[in-house]
Each structure stands twice: as structure tokens, then as C-alpha cells.
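Look at the two complexes coming up: subunit A is in both, with subunit B in one and subunit C in the other.
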Partner chain A sequence: MTRRLLLFCVLLTAWGKNLSASTATAEKRLQVAIKNVLDIAQSAPSDSALAESIGPVLEKYLSFSAMTRRAVGPGWRQFSKGDQNEAIRLFTTLIIRTYSKKLTPGEYPVIKFKTATAPAPGRVDVPTTLLYRGSTYNVTYRMEQDEGWRVTDVVIEGVSLIANYRTQFDAQFKKGGAGAVISSLTQSVARPQ
Partner chain B sequence: MKLLSFLLIAATAVPLLTSCSSASRKAPDAPAAAVGGLSKDDGKTVQGREDDLDEYAAASVADPLEPLNRATFLLNEGLYTVLLRPISKVYKTVVPKPIREGAHNAFENIKFPIRLVNNTLQGNFQRAGQETGKFLVNTVVGVGGVMRPSEGIPALAGIPPADTDQTFAKWGIGHGAYLVLPVLGPSSLRGTVGLAGDYALNPVSWVSIYFGGYAWTLAIPSANSLRALPYQMDQYDAATGDALDRYLAARSAYIQYRHAVSLK
Partner chain C sequence: MKHKTMELFVGLFVLLGIAAIAYLTMKLGSGSLLGGETYLVEARFTNAGGLNKGSSVLVAGVFVGRVEEVQIDPSDYCAIAVMRLRSSLRLPTDTMASIKTTGLIGDKYVSLSPGADETYLESGTRITMTESAVDLESLIGKMAFGSVEEKVPAGEPVP
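What follows is the complex of A and B.
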């Protein structure tokens, strides 16, 4: 009995250590990602230059395939491989455009990192507070291990980016399956800014 | 002029992403599944790559009036584009940032009764006490709330505000039907009653209530609306920008936000 208890304690400690190593690694990765993005925002001479140069950085630190899959939901299984690739491509374009519009060249938000948590193996939530243009926002970055730690969702003041798109994709999918989802994404991406 | 004042005053209450509070109980108005959480309704943990597709179930709220709501939403969008957004831009251009921030702080400070009463109704007496301390410090040291010295005092910093809709949520009352109110935007049956509660508790509205009939009484609520407008337009654009369906995006953002507020 004592031996089992001891084994349990050892396993628990090892798991705890592993968990804290995961959260530390994920948080470090996020810090690097945010610094890279902010450096670009700081040095970009114009909005268009910012949008152009930020794309490759976001593709490095965000898992667009996981984001698209989750945003579509169970209907994803009914997408053909070609539809899946097209949906990922369009959603990536949309997210990069949305993200780059939120940054103003030359403006630096102040970000404070809070204690990260691991809700499940391979996943880490990193809560932060972001002070930008005089307002403070609670922003949580959801990260997963996908060729290294990558962001799979951003939750601002309780509003999840992916859950928000999920509501919209659901409606499109019910209307006309994968075709309707891709068509609405195409229209959204083509919309002039 | 009176119509413009009304629109401005009404815009103050745009509830899309305004006011919040705290406590850790689970609220009754939770979205269909925990957003981004790992637990599904059956309580099993989901770790598989494919099974986690169910994780972000769409935030649910009854929307029996969707056709009417969509029409009101379109009307509001037109109003924001034609009138409120240009006013917001002019205000940001004409009024220097320090004055805008000072006005914003002062009007937020004066909303103290909303936070005090709702924290008390939620049984959160510690937070009600903190709010009182914060109000006193900001009013006395911060020159009528124009500055926020309370942010430098750890015990008084970062207190989540409280509102009436949140109190209803904590009492176990559901959203009821989703509503898009003219000018005000996304709300619900519960949110609309909550809005009325907040209005009654806001000292800014007391001026119009007690001195109604005089044109000058519109000045204070109009100024309050004006200072809030840029923030509300920014929040609205953030929630609906690049959406496939702006109506659904705004509804989802509203429900998710109110859910998050009810958990604080």
C-alpha cells in the first residue's frame, strides 16, 4: 500500500514537472512570437508593408490548419482533401488580414504575462493583459504542440476568435456544406478593405 | 438636435462589449459547450485530433426574432456608418487625448452606484467595499475621477466592474430571447432589463430624470455618450470586422462576452 502510494507520488511529481516544463516552453515561444510581431509593427513604414511582412511570422507561430479545422467543426470530416486545403488557405489569408489591421505601425502595446496553465497534455493556455491605446484587455492565447508550440486560438475578454467563426461556419455548412463555407470565405477574402 | 442627443445617449448603452464584474460560479447562460475547453457535455475528456472538432460548439441563444433582429441590425449598421462613426472620428480628432481620457475616467468613476449595488446584490461584499474605496480615492485624490490613482494601490487595482445583467445571470436567470435593440445593438431579454437597471443606477441619468424637460439636462448624458462612442465603435468593429456574417459574429461575441462576465 505504502509502495503504491509512493509510486503515485513519484508519478504525480514527474507529471507536474513535465507540465510546468510544457507551460514554460509554450510561454517562452509565445513571448518570442509576440516580440517578433511587435518588432515588425514597430518598424513597418505603412499599413500595407505591415500586412505584407507579418504574414510569414504569423504562419510560423500560428497553427492555421488546427484553427480552420476547429472553426469548421464536425463538418470538417465531410470536406474533401482539396476542400480542406482551400479552406485552410482562405482562412489563413483572412486571419492574417484581420490581425494585421489590429496593429498600427509604430504603436507598441504593453503585454503582461500571467501564470500559464495546461488544461490537457499538449495544450497550454497563456493568459495576458494587454494595454493598448489607453485600454486594458484580458487576452488568453491557446497553444498546442503542432510542430512546436503554436497558437490555435486567441480569446479576448472572453470572446474566442475560433468560436466566433464557428458560429458563422456552422450556418454556412448547414446551408450548403463545404461548398457554401468555401464560397463565403472566398467572398470575405475578396471584399475590398 | 434633440434626436442627435437621443442617439448619442442611446449609443452609450451599446452593450456589445461593455461593463463586467466577477465571481467564480458557473453561470446558467453558458454556451452550448465550453468554448475552447476540453470537456464536452458528456464530461469526457477529448484529446484526439479529430474528436476535438466538437470542442467549439457554437454559442447558443434562442433567436426566435431573427428576421426582425437582422433588420434592426442592418438599420443600426447604417446609423453607425452614417452618423455615429463620423461623430466618433470628429471627437477623436478635435478633442486632445488627455481630455478624452480624463472625461472617460470621470464618467466611469461616477458609475460607481451600478457597481456597488450589483456587487451587493450578488453578495460580493468584499468587492463592494473595494469599489467604495476606489471611488473615494479617485474622487478625492483623482480630482473628481479624472485621474485613477486607485490603479496604483494593489488592493484597489483591477477590480472587475459589475452590472445588472450580470447579477441576473448569477441569480440563475437565463438570457431569454436574443434581441437587437435599435441604436443600442446586441442584447437579450435579460440584458435589456439589465440595461434599464444600469440606467436607473447611473447618476448621469438622474439629471435627466429629476430635471426632465430642460434642454440643458441633455448636455451631461450627451457628453457621456460622446466620450464612450470611440471605444464602442472600436469594440463593434473588432467583433464584426472580416466576418462572414456580421450579424452572427456580433451575436456570438455578445453571448460569449456576457458568459465570460457572468463567470467573473
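What follows is the complex of A and C.
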């Protein structure tokens, strides 16, 4: 009985250590990602140059395939392989454009990292506070192990990016299937900035 | 004699009414009125915004369960809501749980938005994708009055 209890305690400690190691790794990766993005924002000469150079960095640290799948929701299973690839491509362009529009070249926000949590195995939430242009925002990065730790959702002041797009895409899908989702994405991307 | 029989019937009727109320109270409390088999899932929110036991759980605006319990996690002061859902409803693991309000100042409820994962939530598991109650007052405050923090000069390094 004592041996079993000891084994349980050892396993629990090992699991706890593993969990804290994964939250530390995820947090470290997020810090590197944010630093890379801000360095680009700092040195970019114009908005268009910022959008162009920030894309590859975001593709490295954000899991756009998981984000698109989750943003579309239950309708994703009825997308053909071609539709899925097209939706991922368009959604990636949309997010990169939206994200880069929020940054002004030459301006540096101050980001404070709070204690990261692991709500499930392979998942880490990193809460931060962001001070930008005199206002403070609570931003939580949801990260998952997908070829290394990558961001799969961003929650700003309690509003999730994925939930926001899921509501819109789900309504589109119910109206006209995969075609309607891709058409609305195409329109959003084609809209002048 | 007739008068006594009448009183007896009235007494029985009142007792029956009290028993019915007691039965309904117990059934509503345990969520048994959901009908059929149920299962429990939990969700963690940074702000439960007044969500309480008995609040509705909806999928696509349809009632599918109730909040069984709302507790506080003493380690990080987050709210954990335990929900009882119909067993017939299988939800993907990337289901999003959001705390919403009926109208601007109405009751709080949990809205579940199913995701695209091939795996499903099982009894006792946790919904990891959540949206807490949006604090409208603080958002309006930020919009109306701005923030008191100093502006950060361009070029200052991130700590």
C-alpha cells in the first residue's frame, strides 16, 4: 500500500514537472514570437512593408490550419480537400492583414506576461497585459503543440478571435455550404485596406 | 358529515400540491428535467460574470443543459462552471463555451459553439476553449475615458 502511494506521488510529481516544463517552453516561444513581430514593426518603413515582412513570422508561430478549421467549426468536415486548402490560404491572408493593420511602424507596446496555465495536455494558455498607445488590454494566447508550440487562438478582453469568426462562418456555411464560406473570405481579402 | 368529507378532500388536495412542488424543486435542482441520460463537463472562465447554478446551457439557441455548479479555483481565482448536458448531444473537443447575457442586462447563460475536432468531450472532461463574460462597464469606461497609464515612447524595448 505504501509502495503504491509512493509510486503515485512520484508519478504525480513527474506529471507536474512535465506540465510546468511545457508551460515554460510555450511561454518562451511566445516571447520570442512577440519579440520578432515587434522588431519587424519597429524597423518597417511603411504599413505595406510591415504586412509583407510580418507574414512569414506569423506563419511560423501561428497554426493557421488549426485556426481555420476551428473558425469554420462543424462544417469543416464537409469541405473538400481543395476547399480546405483554399480556406486556409484565404484565412491566413485575412489574419496577417488584420494583425499588421493593428501595428503602427515605429511604435512599441509593452507586454507583461502573467503565469501561464495548462488547461489540458498539449495546451497552454498564456495571459498577458498589453499597454499600447496609453490603453491596457488583457490578451490571452492559446497555444497548442503543433510542430512545436504555436498560437491557435487569441482572446482580447475576453473575446476570442476563433469564436468571433466561427459565429460568422457557421452562419455562412448554413446558408450556402463551403462555397459561401470561401466566397465571403475572398470578398474580405479582396476588400481594399 | 358532508362538510367533513369536503374538508378531507381539500386537505388531500393541498398535500398533493405541496408534494408536487417538492418533487419539481428536487427535479429542477438536479437537472433531471432534462430528460434521459445526462453527463457532466466543466469549463474554466476568468470571469463568470454572475453565472449561477441552474443557468441555461444552449447550443444554437436551443436548451441542452444546465449549470450544475459554479466554483472558484483557489490557485488562480478562476471560475469553474460544471454543466450537465444531454447524453444524446456529442460535442467536439474544440467546442467553445461563452458566457452570454439575454439582452443587455438579462440573465447569464452558457452558449456552446461546436468545433471541428474528430474527438468528442466525454463525461468529466473540461472544455478548454472558453470566452468569459464581457465586462461591458469596463469596456465603456476604456472607450469613454481612456486609460491612466502613460504612453510608451516609440523605440522603448519590451521588458
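Note that in this section the second predicted complex is superposed on the first by the 193 of 193 C-alpha atoms of A that agree within 3 Å, B and C clash if a C-alpha of one lies under 4 Å from a C-alpha of the other, contacts with A are read in each partner's own complex, and residues count from 1 in each chain.
FYI, contacts are C-beta pairs under 8 Å (C-beta built on N, C-alpha and C of every residue); 3 or more make two chains touch, one makes a residue touch a chain.
On a predicted model such as this, the values are computed, not experimentally measured, just so you know.
Participant: After aligning the two structures on subunit A, examine subunit B and subunit C and state clash or fit.
Facilitator: clash
Participant: Could you tell me if A:48 is touching subunit B, subunit C, both of them or neither one (first, second, both, neither)?
Facilitator: Touch status of A:48: no partner.
Participant: Tell me which partner A:35 touches in the superposition: subunit B (first), subunit C (second), both or neither.
Facilitator: The second partner, subunit C, only.
Participant: Does subunit B (first) or subunit C (second) touch A:121, or do both, or does neither?
Facilitator: first
Participant: Examine A:69 and indicate which partner it touches, taking first as subunit B and second as subunit C; both and neither are also allowed.
Facilitator: Touch partners of A:69: subunit B and subunit C.
Participant: Go through the superposed model and pick first if A:185 touches only subunit B, second if only subunit C, both, or neither.
Facilitator: A:185: touches subunit B, not subunit C.
Participant: Who does A:110 touch here: subunit B (first), subunit C (second), both, or neither?
Facilitator: A:110 contacts subunit C only, not subunit B.
Participant: Is A:131 touching the first partner subunit B, the second partner subunit C, both, or neither of them?
Facilitator: In the superposition, A:131 touches subunit C alone.
Participant: Touch check for A:165: first (subunit B), second (subunit C), both, or neither?
Facilitator: Only subunit B; A:165 stays clear of subunit C.
Participant: Could you say whether A:98 touches subunit B, subunit C, both of them, or neither, answering first, second, both or neither?
Facilitator: first
Participant: What stretch of subunit B clashes with subunit C when the complexes are fitted on chain A: 38-46, 128-136, 200-208 or 218-226?
Facilitator: 38-46
Participant: After overlaying the two complexes on chain A, where does the subunit B footprint on subunit A coincide with the subunit C footprint?
Facilitator: Of subunit A, residues 69-70, 72-74, 76-77, 119-120, 123, 134-135, 142, 153, 155, 157-160, 162-163, 166-167, 170 contact subunit B in one complex and subunit C in the other.
Participant: Using the touch definition from the top, list the residues of subunit A that touch subunit B in their complex.
Facilitator: Counting only subunit A, the residues touching subunit B are 69-74, 76-77, 94, 97-98, 101-102, 119-123, 134-135, 142, 153, 155-160, 162-172, 184-185, 187-188.
Participant: Could you list, by residue number, the parts of subunit A that touch subunit C in their complex?
Facilitator: Answer in residue numbers: 34-35, 38, 42, 69-70, 72-77, 106-112, 115, 117, 119-120, 123, 127, 131-136, 140, 142, 153, 155, 157-160, 162-163, 166-167, 170.
Participant: Which residues of subunit B touch subunit A once you look at their complex with the stated criterion?
Facilitator: 17, 20, 31, 35-38, 45, 47, 50, 52-59, 97, 101, 104, 231, 238-239, 241-245, 248-249, 251-253, 256-257, 259-261, 263
Participant: Would you tell me which residues of subunit C are touching subunit A in their complex?
Facilitator: Touch residues, subunit C against subunit A: 44, 46-47, 76, 92, 94, 96, 98, 113-116, 126, 128-129, 131-135, 139, 142, 146-147, 149-152, 154-159.
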